[in-house]
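Alright, structures below, take your time with them.
Next come two complexes, and both contain chain A; in the first it sits with chain B, in the second with chain C.
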Partner chain A sequence: MRQAFDIYRRLLGVQIRSQLQYRVSFSFDLFSAILVTATEFAALALVFERFEQIGGWTLGEVAFLFGLLEISFGIMDMVFGGFDPQDFGASVRHGSFDQIMLRPAHLLTQVLGSQFALRRLGRIVFGAGVLLFAVTVTQLDWTLAKVLYLPLVVTGMVLFFGGLYIVGSTITFWTVESIEAINILTYGGSYLISYPMHIYQNWLRRIFTYLVPAIFLNYYPVLYFLDKPDPFGFPAFAPFLSPLVGVASFVAALAFWRFGVKHYQSTGS
Partner chain B sequence: MLSIVHVSKLEKTFHVRRYHQGRWASLQNLVTRRSRLIRAVDGIDFTIEAGELVGYLGPNGAGKSTTIKMLTGLLVPSSGRLIVNGFVPWKDRRHYVARIGAVFGQRTTLWWDLPVIESFELHRHLYQIPTGRFKRNLAEFNDLLELAPFLDVPVRSLSLGQRMRADICAALLHDPELLFFDEPTIGLDVVAKERIRNFIRHINEERETTVLLTTHDIADVQRLCRRVMIIDRGKLIFDGELARLLERFGGHHRLIVDFAESYAEVAVIGAELLSYSDQRAIYRFDRRKITAPALIQAVSERYAIRDLSIEEPDIETTIRTIYEKRLL
Partner chain C sequence: MLKLYFEVAKRSFQRTLTYRAAAVAGLATNIFFGLLRVAILLALYGDRQVVEGYTVAGVITYTGLSQAVIAYLSLFGWYDFMYAVHRGDVAADLLKPMNLFSFWLAQDLGRAVASLLLRGVTFMLIYEIFFDLTYPTTIWAWLALATSLLLSWLVSFAWRFLVNTAAFWSPNARGFGRFAFLSVLFFSGFLMPLAFFPAWVQKLASFTPFPYLLNTVVEIYLGIVSGPALVEALLLQAAWALGLIVLVQAVLRFGLRRLVILGG
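Moving on to the complex of A and B:
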């Protein structure tokens, strides 16, 4: 374990140094990452220009959902960049995964250490800004429990979406054609849960409650943070399921990954 | 016996997706999924003793790389048994690969943006090589492979030959007991090839490292391997000494004689006269039936000789005939 962490740290060092070698492109990436998130938030804010409320929620309240998601997704994308199905699929096709298999370190350590997109910092910082804005305008009522729970919610989402990345990458062992489907699930899912879940049709919300329990990742914790009533009458512990959902999906994803590695075919040339 | 590699009834099949052709192809491809089974390795058996240096030959697509990938733990065999150095490679991958080295000529294990020496340093940590041994090995390989001029150059700026030398060094820093080379000399010039061959021989002889190497360059085999295995369409069609292969298939030597005078007839017993003109005769003989000195003596007893030379059997032609005619 300690050796794994030492290796991870060194591999990250390589990634970070390589990225800083290309200073211009790095600054550009950082800037465009901020721009993308800012545009998304501006679009959200514009909706409130016209309607003032979405499903009874104010801009500040929705910004809380949005900010929390952006921070989590940004951290996930930075840490799990090696498992971005697009990049991972390419590394399988180009044979770099062969080289990873040939080294005497855990595959997970090495894949995680093979990418570390510092430019995602842009997204994280902007997300933090939005969250701060939300906290201010909603005049959130902080308690010690809330302060302690916030990082756990972030962790839950990081693990959940990280797990999705791992599942998507594992599928590229068999086919690269499903990458799009996985991307829709990941990006679409994250977009969906940056809005209050009660605005969706019942069937859609049920999918995201029972099939993919994403409703517990962001929506329920935010109900708790903002002291809002639960419109669906779940038990009182529902807001605290986020870390559990994250850990459970991550463990399942790892099991699938291990199964996939046994079916790894390498490349024909 | 000290067999370090045991392979029996080893098979690897791939399902390769077949795509529809024609007008409605993309729609059909979406709806149906057809695949073809490829037997890349089709039931092979062999063992390799510790310290051997074995050449693994075969035409394109024969199954060489697939075999090496199973031996190095990258691929799980479809069936059969595979034990290397006491391990089932894919089962205990991490412990197994710590004690082998593998170089795939078309790939690099080094970090693209890092200076060569820093990639080596990373290997030191990955393989947990004690510092003293790391330094000794690096110094030795540096001498043999002449790495010094480009140790602090990023890998992306190296020439192919330099990169290959660096890759080979990286694969050896942790003193592996076994080495797998998949086309280590591909794309290199004559001098670079020779340097790598000398190095591989050195490692095999001085360190008694077991080596299995695939190549399409017959000179690699000629310089390095006593034993060769030939695979074709997934089946092992020859396994034995190179000399025996040559004996069995086109193992003929040639004697070329320039006579001092013109003779009407220059036939000798024990050799076949291939051509004779302008006072030069070319004989073909089988060394198992007549030795070169005996033949030369037979010729010189009857004719005045100005000059002569002996040609070894041409391995390249022999191997090509085997591939083309599927002799075995």
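Moving on to the complex of A and C:
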């Protein structure tokens, strides 16, 4: 375990040093990462002048959802970048995953250390800015419990989406290519939960409540942070399920990963 | 000569049609995002029935149209020519007895038409199951739409090609490309109908070719612009297409002069 951690630390060091070699290129990447997220939020913020609300929520309130999601997804994308199904599928196709398996080091450590895109900091920083904006304009009523719970909500989402990345990558052991259904869950799912869940049609929301419990990741915690009533009448502990959903899906994803590795057959390339 | 370009376009059309499974998978994502965008816009609408000429059915159709042309107009970016320059494949293109720009134009036309059928028309047909969409009502409206769609592809291709020529000057032009294509998403009215933005944003957009890439098509489809305004919109589209193509030719001439291909 200590050895695995030591290797992970070294791999990260290598990643970070190499990315900082080309300063200009790195700053440009960072800037464009900020811009991608900023553009989407700007489009929403600009039409708010006209509409003033979305499903009864103010811009500040939606910004809370948006900011939390962006921070979490950004951290996830940085930490679990090695499991991005698109790239991972390519490494299975090209046989570079075989090389990794042959090395006498912990497998997860190596995959996690194979990709650590610092430019995702752009998204995280922008998300933090949006969250700060949300906290300021909603005049949030801070309690100690809320302060302590905020990082747990982020952790819950990081683990949930990280788990999805791992599942998506494991599937490529059989399909060789990343499958679209996973893209819908990761990119579609994160887009979905950055807006208040009560704006969606019932069938869609039910899928993301009972089948994929994404409603508890962001929406319910934010209801709690903003002291808003629950429109769906779930028990009072519903806002606190976020870390649990995260941990449970991550553990399940790891189990699936182990199953996949055990049954892995190289493509031979 | 024209027959040669026609053959190029035909091959590219067939090549695109080959990847049907990928197209179906892409359709699923397009539809999912379409559903979310409808929910978001309707939540913004609240009790409103019409906003800036967009009725409820109109704005739903808008989400459909903008999702349907993602592949047709390569809205999320296109780097093929950039790669060809960086890898040196462009040398082979230059050896062909054809104009470089026209060759790529013909290739993209084939790809675009196939994408329009495979990802555009199919998308709208499936979307119709979920929502009540509106359609142009007269034959003239359909003709105007077809013209506008064609011109929007020309504007889109000329812009994409122009962005890709950055490859002649920089070995790392992808970042620049990302920025250029992001501007398209915002100022073309892909993220939100341009009419919903404050006046200063619309003014800013009107100095760029981007509204003519998507927003004009949508407003013609929904009948928001009609009569003399429609003719003016089509003429402006054509003018931007022409202007951009002339610009691309000039840039290409400079770029090719700088181009050095290494053997190996």
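Note that the second predicted complex is superposed on the first by the 263 of 269 C-alpha atoms of A that agree within 3 Å, B and C clash if a C-alpha of one lies under 4 Å from a C-alpha of the other, contacts with A are read in each partner's own complex, and residues count from 1 in each chain.
Operating definition for what follows: a residue touches a chain if its C-beta (ideal position, glycine included) is under 8 Å from a C-beta of that chain, and two chains touch if they have at least 3 such contacts.
Note that the coordinates shown come from a computational prediction; the quantities given were computed from them, not determined experimentally.
Participant: Should the pairing of chain B and chain C on chain A count as a clash or a fit in the superposition?
Facilitator: fit
Participant: Go through the superposed model and pick first if A:Q265 touches only chain B, second if only chain C, both, or neither.
Facilitator: first
Participant: A:S18 in the overlay: touching chain B, chain C, both, or neither? Say first, second, both or neither.
Facilitator: A:S18 contacts chain B only, not chain C.
Participant: Of the partners chain B and chain C, which touch A:D98 in the superposed model: first, second, both, neither?
Facilitator: After superposing on A, A:D98 lies in contact with chain B but is clear of chain C.
Participant: Taking the superposition on A as described, I'd like to know which of chain B and chain C A:V36 touches: first, second, both or neither.
Facilitator: second
Participant: Between chain B and chain C, whom does A:G188 touch in the aligned arrangement: first, second, both, or neither?
Facilitator: second
Participant: Using the touch definition from the top, say if A:T136 reaches chain B (first), chain C (second), both or neither.
Facilitator: Once the two structures are laid over each other on A, A:T136 reaches no partner at all.
Participant: Nearest 10 degrees is fine: what angle do the Cα centroids of chain B and chain C make about that of chain A?
Facilitator: With chain A as the vertex, the angle is 90 degrees.
Participant: With the two structures laid over each other on chain A, which partner does A:H106 touch: chain B (first), chain C (second), both, or neither?
Facilitator: After superposition on chain A, A:H106 lies in contact with chain B alone.
Participant: Is the number of chain A residues in contact higher for chain B or for chain C?
Facilitator: Looking at chain A, the partner in contact with more of its residues is C.
Participant: For the superposed arrangement, tell me the lowest C-alpha distance between chain B and chain C in Å.
Facilitator: Value for chain B versus chain C, nearest C-alpha atoms: 5 Å.
Participant: Same chain A residues contacting chain B and chain C, which ones?
Facilitator: On chain A, no residue contacts both chain B in one structure and chain C in the other.
Participant: In their complex, what parts of chain C are in touch with chain A?
Facilitator: 25-26, 28-29, 32-33, 35-36, 39-40, 42-46, 51, 172, 175, 178-179, 182, 185-186, 191-192, 196-198, 201
Participant: For the complex, give me every residue of chain A touching chain C.
Facilitator: Its residues touching chain C are 25, 28-29, 32, 35-36, 39-40, 42-44, 46-47, 49-51, 53-55, 179-181, 183-184, 187-188, 191-192, 195-196, 199-201, 204.
Participant: Which chain A residues qualify as touching chain B in the complex?
Facilitator: Going by the criterion above, the answer is residues 3, 6-7, 10-11, 14, 17-18, 21, 95-96, 98-99, 101-106, 262-266, 268-269.
Participant: Mind pulling up the chain B residues that touch chain A in the complex?
Facilitator: The touching residues are 14, 69, 72-76, 90, 93-95, 97-98, 102, 104, 106-109, 111-114, 118, 122, 125-128.
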